[in-house]
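All remarks here apply to the structure that follows.
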Amino acid sequence: MIVVLKHNPNQEQVNGLIGWLQEKGVGIHTSVGEANTILGLVGDTSKLDIDLIAALDIVEDVKRVQEPYKNANRKFHPEDTVIRVGNTQIGGGSLTIMAGPCSVESEEQVVTIAKAVKASGATMLRGGAFKPRTSPYAFQGLGEQGLAYLKAAKEETGLPIVTELMDLSQLPLFRDVDVIQIGARNMQNFDLLKAVGHQDKPVMIKRGMSATYEEWLMSAEYVMAGGNEKVILCERGIRTFESYTRNTLDLAAVPVMRRLTHLPIIIDPSHATGKSWLVEPLAMGAVATGADGLQIEVHNDPAHALCDGPQSLRPEDFDRLAKKLLALQAAVRGMEG
Amino acid sequence: MIVVLKHNPNQEQVNGLIGWLQEKGVGIHTSVGEANTILGLVGDTSKLDIDLIAALDIVEDVKRVQEPYKNANRKFHPEDTVIRVGNTQIGGGSLTIMAGPCSVESEEQVVTIAKAVKASGATMLRGGAFKPRTSPYAFQGLGEQGLAYLKAAKEETGLPIVTELMDLSQLPLFRDVDVIQIGARNMQNFDLLKAVGHQDKPVMIKRGMSATYEEWLMSAEYVMAGGNEKVILCERGIRTFESYTRNTLDLAAVPVMRRLTHLPIIIDPSHATGKSWLVEPLAMGAVATGADGLQIEVHNDPAHALCDGPQSLRPEDFDRLAKKLLALQAAVRGMEG
Amino acid sequence: MIVVLKHNPNQEQVNGLIGWLQEKGVGIHTSVGEANTILGLVGDTSKLDIDLIAALDIVEDVKRVQEPYKNANRKFHPEDTVIRVGNTQIGGGSLTIMAGPCSVESEEQVVTIAKAVKASGATMLRGGAFKPRTSPYAFQGLGEQGLAYLKAAKEETGLPIVTELMDLSQLPLFRDVDVIQIGARNMQNFDLLKAVGHQDKPVMIKRGMSATYEEWLMSAEYVMAGGNEKVILCERGIRTFESYTRNTLDLAAVPVMRRLTHLPIIIDPSHATGKSWLVEPLAMGAVATGADGLQIEVHNDPAHALCDGPQSLRPEDFDRLAKKLLALQAAVRGMEG
Amino acid sequence: MIVVLKHNPNQEQVNGLIGWLQEKGVGIHTSVGEANTILGLVGDTSKLDIDLIAALDIVEDVKRVQEPYKNANRKFHPEDTVIRVGNTQIGGGSLTIMAGPCSVESEEQVVTIAKAVKASGATMLRGGAFKPRTSPYAFQGLGEQGLAYLKAAKEETGLPIVTELMDLSQLPLFRDVDVIQIGARNMQNFDLLKAVGHQDKPVMIKRGMSATYEEWLMSAEYVMAGGNEKVILCERGIRTFESYTRNTLDLAAVPVMRRLTHLPIIIDPSHATGKSWLVEPLAMGAVATGADGLQIEVHNDPAHALCDGPQSLRPEDFDRLAKKLLALQAAVRGMEG
């Protein structure tokens, strides 16, 4: 950590700060510059409160040198995390394809789609039972009944289930769910993160609409700090000034997360763009960029889907896309040589 | 609602759409243009799913003409909402000043500050017992104990309390709280909004870091749809590319909310900027813009505050500021004449 | 165009508006709704000033149905534009690779790099002679001398040159330049756009840091309105709240531009991210997404480049990347089959 | 400047870097931390290229401690800059009110408005002769003829003129213009900034739509580096995800600029919001925040203005507003005591 002092600081206060830091076991190197004096703090600075130091009268700025996340940090955990779910895995060179409807509508619907996407190469079934909707007047999901339909589809196809948990009161209903999804709007619902940190189930954290990489990793850190190391990251578009697409998909998140963390990274092109005709090119882009997998909306009747119809593919479109994605991944892997 | 059809749409499908809309009781006016045909839908379109229509093959775009919020809409409720809390009120021409520490640290601290801010003109006491912190390793607030200290300060001073609810499991502890605050990160925690919609207590909703005006009003609508009409809006800065300030305070929110809704609007310059020296000029700007009130952080020892020290004022600074704000409001009111 | 009237508008003013519109040769369909009356304007509305209508007392909102760009619009020009430059082409299924140093520093430097990138598969030479630098104290480019060095490299290798024009006073010096680049900061320098619209040379327009798709296409329209139809679009990242990367590369721009316009689209991953280790994954992503080409910075000594060193590849890295990109394009093309 | 080295860097390269820095006359303090070694550079580091150092293999990050602007920096020029224009001044406690039409349309129009706004208290006349318009098909301004009309209005009223320069080829026509305005889209048109840096006329630089405070000040630095110290800053809204208003007015820019620079700061609420009903509340907010002045659009017939009608006030509205603004400034000044 680096503390930049103001020009001509009160020397007594400087000494007070230095003494206080030394008490905390932090070493200090002082550099006297033309305009500012700089204190370089060495040793374990992770317990120091950066805001507290920044608030001092004599301090102009405090700059952190180390990342604030530890469990999620690749520096302290160089090996890729690979998460086994049912008889598939996430990370470690596989291509995870989570496919299914935005909302679970009926047992028939979800079983039909599950069979179709499995035949096309999907490795997991996605589908919403609890739905975060902007309007209180919109369809809110089938809830517990929806989870039962997902379970039926899982029994029929063997596909593990990933579905969203919106509130910790719903946790007891998630027994048969394989991967708990934390939605973008709940990425900083810290009580929810703490609760799933005590579960023995993988957790997939969608990036908040305006979350920085660091904040996203800090949300992973919340889950990991509770003891649950099985965390998956999912980029689903960030909010920018561009309104033609629902959000702006940030594919740089793939190589950046690869460098900063050991956790797997999934891309959701359906929610990112809100337009079904953008799913294929961006899914292809995600695979070429090195993503560990994709989450894709598929609906047997997109025009009558109860929510988010415009961004869903038909099973036949998904079939064509899944084959292209697998071929692309094989081609890209071949180039690594 | 306006439906823009694609160029040369399949006429059979167009007839199908028109028939379906008519069944829903919606009237249709067709305008055949050079490049596109437009359907103008009249009557009660609030039950139509805009996404579903947009997903149809023959549809290029759907544009909504009416706002999706009703209870919060000034069009249907022209009178300003005025909310009584203890012996003060929010809205209706008063200037609400909510002041207090970011985090409650001890009974002595909060009672001392409460007395000071009351003497300076504050009308409510703010203070965090449950704290949303980006890092799991940061101080998370005193929780229930913090609420007890706030209650003590309220008994001592008579100031009503506003404090943040982070999860609905904490609701039973909020008996003595006067205004429930929903934080920016929870603005779209819909289960939490539904829960406070069934309470008989005012709810103050902070604007999400990247929430549009409409999304913010839809969160108010969630609470109001549950029967709780006592909703207050609080602007606390939005996230932009500018990183010198923590967020960018959007003071246009004051007149915009005044026009779109009848609910009171409060400004929080402390969190918006993250710098104590910006609190005064922006608080002055907020009052001149017509805000119903302010939420301001005050700490007796900002440099040792457990969180958010850099944005807190000292009691003596707050005293000077509160007097200026009240004088400014009187001056501005005099000009309305 | 759709005009939404206010609730209970002054009927005389409505009739005035309708009469005025009819004089302009525009047909009008009126839809009387519950809350609002809507006028659907049909016929040629491109000459109507949307702002003027929106300013009327009786008007609540005006919504455009048609795109404001014509020459650049795929609807009126369904065939892809293919631009021949020297013995290469941009668009039409080829993969354009523009490579070279950020800044031209010496004849030796640019000739050396030009030879290397040609050998690796580059189809054009990029290099800055006039450099837009944020600071007046930073190196501003070699100017006319730099153009001479580029010309020497072109003579040596046969690679066509693309380089940035910053001001129309420099235009006479651009005789030997093959493609004029308009930088992101000048995307809305309308006098410059008009000037290059009268040239008989391809123009590549970089997307402004906060430009919407529509504004970007309107800048293309400026050039095309002057008679120059050879316009290329280049996405180089947009400004968002994320500051880890210099900008956020928006790869959705590739399929979106493919749909909205017939002009070729190039991706610049070097400037978008500002980090050389992000160039490869994002260049791969761009090709898989369907881009017509890439602009990539290559420097024989990135650590001593006069500007933008951190985002440059070494020739050996570029060689490996170019081969991968060409193999990827072949693989992707094979899948279209 | 602080250089953070990577974990376990090549020691030979570190010594090479240190030697090179010492040759440049920079002193170095080394702090060996647990995870990283930090070099604190002291002395005159303004000539060091931060990007070049950041590109080195052994370097993880470089953090600047000092601002990159000098002439514009309040640290080196503590006194407020006050700019005299005709018989008025900008800065130094006065309230500058620049008022007039968006576009100059006719001599009668601009003279009529100039007389009206002068009578209401305006201190300068604004009006566009050269207009930056997003569409090549929109009205582009009257150009030289428009400047002549402005001159006529100046002769009639004595009000100094501020008007936009779009290209340096127009500079010879600006003889009678008192303040040259650089538009938001040209904030980083560096050739234009250099050109006005050699003029003996005040220059008002509008903040670019996505420009940071630092970039804005660097544009001021470009002008000042050429010898022209008479620079005025004008905030006119930044681009965010919120699309209800045209831009988001950032009033924190007032106190932030007051601290970082000695240059005067003007607020333009008309362009920032694009809605005339938002001009009054935000203009009031700007004065209360401490702005040196306002730029406000006034039109005698907003509904028929050739451009930007929706954001213009009528003269009678402006009259009421100007009186309120002057009263507010007097009231605020009275509070400073």
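We just call them A, B, C and D in the order they show up, numbering each chain from 1.
Please note the rule applied: a contact is a pair of C-beta atoms (placed from the backbone, for glycine too) under 8 Å apart; a residue touches a chain by one contact, two chains touch by 3 or more.
If you're wondering where the values come from, they're calculated on a predicted model, not measured in any experiment.
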| item | value |
| --- | --- |
| Relative to subunit B, chain with the most remote C-alpha centre | C |
| Contact-richer chain pair (by C-beta pairs counted) among A-C and A-D | A-C |
| Whole-Å separation of chain centres (CA-atom averages), subunit C against subunit D | 27 |
| Separation of subunit A from subunit D, taking each centre as the mean of its C-alpha atoms, in whole Å | 39 |
| Subunit A and subunit C, separation of their C-alpha mean positions in angstrom | 31 |
| Residues within subunit C bordering two or more other chains | 210, 239-241, 243 |
| Subunit C residues touching subunit B - in the complex, by the definition given at the top | 2, 4, 7, 27, 29-36, 38, 40-44, 61, 63, 65-66, 75, 210, 239-241, 243 |
| Of subunit A, residues touching subunit C in the complex | 210, 212-214, 238, 240-245, 248-252, 254-256, 259, 272-273, 277-278, 281-282, 284-290, 324, 327-328, 331-332, 335 |
| Subunit A contact footprint on subunit B (complex, rising order) | 46-47, 49, 51-52, 54-57, 68, 132-138, 140, 166-169, 185-186, 188-194, 209-210, 215, 218, 221-222, 225-226, 239, 276, 302-310, 312 |
